[in-house]
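Just so it is clear, A, B, C and D label the chains in written order, and each chain counts residues from 1 on its own.
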Amino acid sequence: MFVTPYDVRFADVDNAGIFYYPRFFHAFHVAMEQWWDSIGRPYHVVIQEDKIGFPAVHIDSDFKIPVTFGDPVDIHVGIARIGTTSVTIRYRFVNRETNKVHCQADVVTACVNMDTFRPTPPPPHIRAALESILIRDDA
Amino acid sequence: MFVTPYDVRFADVDNAGIFYYPRFFHAFHVAMEQWWDSIGRPYHVVIQEDKIGFPAVHIDSDFKIPVTFGDPVDIHVGIARIGTTSVTIRYRFVNRETNKVHCQADVVTACVNMDTFRPTPPPPHIRAALESILIRDDA
Amino acid sequence: MFVTPYDVRFADVDNAGIFYYPRFFHAFHVAMEQWWDSIGRPYHVVIQEDKIGFPAVHIDSDFKIPVTFGDPVDIHVGIARIGTTSVTIRYRFVNRETNKVHCQADVVTACVNMDTFRPTPPPPHIRAALESILIRDDA
Amino acid sequence: MFVTPYDVRFADVDNAGIFYYPRFFHAFHVAMEQWWDSIGRPYHVVIQEDKIGFPAVHIDSDFKIPVTFGDPVDIHVGIARIGTTSVTIRYRFVNRETNKVHCQADVVTACVNMDTFRPTPPPPHIRAALESILIRDDA
């Protein structure tokens, strides 16, 4: 899986002192964009030149340990499944010191053509990229 | 279920012209707060005086029809289940004109004491409030 | 000025217990969109059919009294100035009980054609709308 | 000034294809937090151990060139002025390729004690940190 450090920010944490859960999904999305950056195909190129996007279709997510301001966390991004026109992205918020998983999400996305917004199989170079972080065993 | 109109805002919609999905969860949370307001027990009173909060533990969510800028939508909020120390909140984004469900989410929350952040059964007045929007049949 | 109630939300308030200031500007923008709604010309129609938008060019803003969770506030929206191709929108966060101004902002915007993103004089029906909340004396 | 790369994210850009301006202030705040990280005194330590915070009091900001998805930008953070109990933080969004300034903001903050929320002079180690990025000439 792709791993990127995430610094919990002042505005991530709510009045109860813990990470406001809707913001996890934004953090996950940004981590996915960072992965595209890391392989030399930034997400804006995927969207604008490849005309490929990945709108979410289904989310299954667990929040196990609250995240607080200053927690040393990494976001892990992997691909759990590649279907004909769907891609399941697996995200984890992992504590760098304890190695415990704060939360995780499986986001099933449709692979769509951005002009028509209709499902389409990922083009070969996109598919190869996704396969490079495919989780072989259910880890 | 509690129903509140939601006006899709300029900043909700992303560069692809559709609602950015992490923002649905914020919209849902705000709708839940509006429900507390509507029954005369604003969420800040629940949090600060009742010392009760509902952090998310598990989310199961479907996105069926993209939401675009200007779509006439309502958010529906109901309670799908009340356990000993857990509450499952059901949310729907419903088109006012077509009556179609754009997306829905079941958010399992823990009922916690805000001082200790430990699970606690909802106090009677909170439980009664939750029961007032309990979904009797799986609708 | 146009006045709309604003319910301070759980996620607006940061770990220090006060409104996170970048979110004021979003709240102001939403209030402006609500004003367009209120006059029967929703902002998505202005953007998509009139092809007119108002990107910010300059902001001058004061934060006087912190806003906390549960504060009863209204947002006031008026037009401070209409230039040839610019419009200055004045926003205020006002406490409904004390009538005190928590914060205010003058946002100078360019009136632009959304296809070319070039400055353009507001078309007559847009100008008339803006004039309906023009602040005659500096209030 | 402290310089940190900022990757424009999918959700930063609105339906008109440009950076939604309220999100600049969040990006600036995060850059300020990154600066605290970079000098080994993370902002959560400043807030929670030093009991010092910097709520915004006044903002003066210019938006000159729209920022679009994929633009190669840096955020520059410096201190424009240190008063007795106030600190003016200067932010710039600078294009890495053209060196042009997309937008800038001077954010006057109060230095406050986080327990009392009353103005206080910055303690010596905080003042020394701020002076390390003091802008000597108006650059």
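What to note about this one:
The rule is simple: contacts are C-beta pairs under 8 Å (C-beta built on N, C-alpha and C of every residue); 3 or more make two chains touch, one makes a residue touch a chain.
None of the values given here were measured: they were computed from a predicted structure.
When the C-beta pairs in contact are tallied for B-C and for B-D, the bigger tally goes to B-C. Relative to the C-alpha centre of chain D, the farthest chain centre belongs to B. Mean C-alpha positions place chain A and chain B at a centre distance of 23 Å. One finds 27 Å separating the Cα centroids of chain B and chain C.
For the pair chain B and chain D, the distance between C-alpha centroids works out to 34 Å. Taken residue by residue, chain C touches two or more other chains at 10-11, 15, 20, 22-23, 26, 29, 47, 69, whereas all remaining positions touch fewer.
Of all residues in chain A, only 10-11, 13-15, 17, 20, 22-23, 69 touch chain C in the complex they form. By the touch criterion stated above, chain A contacts chain D in their complex at residues 7-11, 26, 29-30, 33-34, 37, 42-45, 47-48, 69-70. Partner chain D is touched in their complex by these residues of chain C: 15-16, 18, 20-26, 28-29, 47, 53, 55-63, 66, 105, 114, 117.
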